[in-house]
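The structure appears below as structure tokens.
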Amino acid sequence: MSASFTPNEMMTIAAARALKSTDVCFVGIGAPSAACNLARLTHAPGVTLIYESGTIATKPNVLPLSIGDGELCETALTTVSVPEMFRYWLQGGRITIGFIGGAQIDRFANINTTVVGDYHKPKVRLPGGGGAPEIATNCGEIFITMAMGKRAFVDRLPFITSMGHGPTGVERQKLGVRSQGPTKLITDLCVLEPDAATNEMTVVSIHPGVTREAIQENCGWPIRFSAHVVETPAPTEEELRVLRDIQERTRRAHAA
Amino acid sequence: MAQVLSLHDAVAEHVRDGDTIAMEGFTHLIPFAAGHEIIRQKRKRLTLIRMTPDLIYDQMIGMGCAEKLVFSWGGNPGVGSTHRIRDAIENGWPNALAIEEHSHAGMANAYEAGAANLPFAAFRGYIGVDLPKVNPRIKSITCPYTGEFLATVPAIRPDVGIVHALRADRDGNVLLEGITGCQKEVVLAAKRSIVTVEEIVDDLRTTSYNSIVLPHWTITAIACVPGGAHPSYAQGYYKRDNSFYIAWDKISRERDSFLAWMKDNVLDKDASAFAVHAKKQA
Amino acid sequence: MAQVLSLHDAVAEHVRDGDTIAMEGFTHLIPFAAGHEIIRQKRKRLTLIRMTPDLIYDQMIGMGCAEKLVFSWGGNPGVGSTHRIRDAIENGWPNALAIEEHSHAGMANAYEAGAANLPFAAFRGYIGVDLPKVNPRIKSITCPYTGEFLATVPAIRPDVGIVHALRADRDGNVLLEGITGCQKEVVLAAKRSIVTVEEIVDDLRTTSYNSIVLPHWTITAIACVPGGAHPSYAQGYYKRDNSFYIAWDKISRERDSFLAWMKDNVLDKDASAFAVHAKKQA
Amino acid sequence: MSASFTPNEMMTIAAARALKSTDVCFVGIGAPSAACNLARLTHAPGVTLIYESGTIATKPNVLPLSIGDGELCETALTTVSVPEMFRYWLQGGRITIGFIGGAQIDRFANINTTVVGDYHKPKVRLPGGGGAPEIATNCGEIFITMAMGKRAFVDRLPFITSMGHGPTGVERQKLGVRSQGPTKLITDLCVLEPDAATNEMTVVSIHPGVTREAIQENCGWPIRFSAHVVETPAPTEEELRVLRDIQERTRRAHAA
């Protein structure tokens, strides 16, 4: 299993491993979408993938560029309207895992995808929340996947687009939200989980070849490591093959 | 009592300066031809509503049609930023653009309430996030039974709702199929509606008793514009032109290249330019 | 995570004395076989919810299964009264029956709210009428934007939702088609759900991308009961037995004739008795 | 045009004549359903008939026994769920005419289909409101068709199931309801319309061969006649033929 792989491949594969065949997963575009479909094509063939475009139990053969590509509809069990998707399926409590990305994240896994700088005089205007604010509270638990870096992993968010465990880690419970929130944060360097006492996201698994120093260098706050950090198992040949296959199919399809 | 008009006449008659307009289509069936026609007819001061103001609103805003944008996710999906919208928000080019920002759930509920003729929608949303601090239209309500707080948004009731659909029959009934987003809701919520279609046919060719059909008496005007959703797609007609979405990033990045593209592909053309994209799939 | 069970086992495992049960089907796909099974298993003190408590609840209430009925229109459609329900309400036979009465709009909104995991629904209803005077669960709320008053009803969240559907595939995904009433909503609103189907097949044979499908993970138990909606109907399988609805008026008018019919056709039978009605239409 | 006809046939035909091809009509079962389909098969082929079961623009070949017969779905433009029907279509303000019947009616066209006697100790328990309470306020206007009789046309309703013009004729406006309410009441003896000043239902047309005395004898309040009462045109041969044809087809279908 000494095949070479990129940090991004490791991230996607580690994220995929978090899903089970019995999960009903609300899939964000980009890295989450690759991870979820990799899970479906490897160890979790029964996983139900739902995209906010209304496609339920979809099985795309190529990764969608957008959240509403025809491929998602053509391979779905059924497709519902967007109001129904947000009312009956997301708010209805039918989703076990919400799998999202983000532009910036803090130590309690709150996410910003709205704005850098002042909201009314933005330095950088980001795309906005989309489905994330309600995915964050209405799914059973949340998996997040993002590549690390000091501009992404920040000490203090300029704007909370979707709540993780809240600004000090306790607000989710205080607000009466009964879902678990972010239980896994899968990066290109490591995997983090919330500390049982504080909800601070804590490194529990380090990807092969990555140092603790590298992780800290790419994080805007003093990052915590679990007392029982393990090494993330390296990608298997099959994981890499399936991931590269679908990415190659996708590249060809989108260039057409 | 849908009237069948040319796209030019439908826009000329039913879209007015200063109107509030919702153009929907969630990736699928985005009414690009109608957007281009509005640009050609130089409509101004529009309030543009759309969950995902991607290329279509990037083009309309870059050409100065809008003074306000209501949205929940603004980007070129899977590619990056909508540069023209950012230029308007960050630099006021070609004019200042006010924004009213929601989440997808907020907007989907607001359309749903509009279609249902309710003044507002209540939902489990916006918990623990900052958007309500910058959008005063997000409020809350107390459940009269459980005492729970729920977020509220006002219903969306646009002056004009514009969507693209697969086809209409001779009576003006319209079929939607596939990813239908909020398209039914926006037509039902709007005071006036314009629907562009791939074709007008004798038989609507519904395949299910429960097919998604807009009866003719819910629509103001229908215009037949084959290919009218390109670079978006029409299920069963043509695929999404993902390569164009990728190419748009470069076209739109600079004002000059954007304006040049708009002149060649929009201002100097008419709705028939979309026909080349309409080739029906086998 | 639907389990495929016999109807006997599905009811034995998931329907308990004292439960709140919603059995839906708006004329079409009424789960009569499930109702008969509940009668045979002698469930008691049920709260029965249904917009149109027609023959199925006439039978269950006449056999003493219920202590409360929640409804919006109680009759034998196009024929006359549901005599057993009237006998229970007016004379307390075979036991007293409490009622909670709504309009169709009230119940449809309450199911919709239940499916959407909302605690209540607001709607434009009950204006100038007497029902809110006798049903304290009908309240009102003020729109936070317009100040308008809207009627409210609490969401329906039954212990068990029971519907009949056309067919299921081997994974347990279920297809509904035709007049689907509130059937999708009741399954999504319920804590547990039982779906009887005409057949279990390899291929669900949906005809549209937007076919109405309940995924297997929304259903607790599936029982295959061909003909299980008779004398209601299953679109594409068998027609409504209107002559039986007409005949029921005479059968149910007197307690003796009712009890005799129930003994012969329900108590002394099992779910397989419905198979004779299941002949698929060409 | 001297073909003989029954009072019930005259009622159905007079009711049918009230509909136009451009109407979008929410159809109650029984007498309204017969009238609406007669209109569709004679002078108003374009009329859109909607039943609360969710069937939109249906064209049944036989009259449904119930509001959800398969015939209604099979001949419809499309069929939607019942929540959607009540939310988007009825409450949405899409319906121009609500066509209903009832068990009891008063002079302001308020209707009772709930109970005779005390609600909690009923003398006769009627079926209840069904769709009527919201049909009555959410449709552009309301047509009512009911056979006359002292037990049906009563001085004072024991229960208001659906509002006409309100207990004293002014409550509809007072409550801010902007739709017109009952504009026509078509009976087996005559046609009534609301008085412009008081909203009291007033006889405007008397069916052939019917006397004013017969109308008063079948009404529980002192009934008012318009200053310009006309005679209802007798059924034409075509109206009678089409009505009897569909009723005969219906009889055969339901007995099958």
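When the chains are written out, they are named A, B, C and D in that same order, and each has its own residue count from 1.
The rule we apply is simple: a contact is a pair of C-beta atoms (placed from the backbone, for glycine too) under 8 Å apart; a residue touches a chain by one contact, two chains touch by 3 or more.
All figures in this text were calculated on a predicted structure; none of them were measured in a lab.
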item: B-D compared against A-B, more contacting pairs; value: A-B
item: Between subunit B and subunit D, centroid-to-centroid distance (C-alpha), Å; value: 40
item: Centre-to-centre distance between subunit D and subunit A (centres being mean Cα positions), rounded to whole Å; value: 57
item: Inter-chain centre distance, subunit C versus subunit D - centres from mean C-alpha coordinates, in Å; value: 28
item: Multi-chain contact residues (two or more partners), subunit D; value: 73-74, 79, 87, 91
item: Two or more partner chains touched - positions in subunit C; value: 116-118, 123-124, 178, 180, 184-185, 206, 209-212, 235
item: Every chain pair in contact, whichever chains are involved; value: A-B, A-C, B-C, B-D, C-D
item: Subunit C - residues contacting subunit B, complex; value: 116-120, 122-124, 137, 139-141, 143-146, 148, 150, 152, 154, 177-178, 180, 206-212, 235
item: Partner subunit A, residues of subunit C touching it in the complex; value: 1, 115-118, 173, 184-185, 188, 206, 209-213, 215, 217-218
item: Residue ranges of subunit C touching subunit D (in the complex, touch as defined); value: 26-28, 51-52, 71-75, 77-79, 81, 85-86, 89-90, 101, 103-105, 108-109, 111-112, 123-131, 134, 178-182, 184-185, 233, 235, 239-240, 242-243, 245-246
item: Complex interface listing, subunit A residues touching subunit C; value: 22, 24, 48, 56-57, 73-74, 76-80, 87-88, 91-94
item: Partner subunit B, residues of subunit A touching it in the complex; value: 29-30, 52-55, 64-70, 72-74, 79, 81-83, 85-87, 90-91, 114, 119-120, 122, 125, 127-134, 136-138, 159-163, 166, 171-172, 175, 177, 253-256
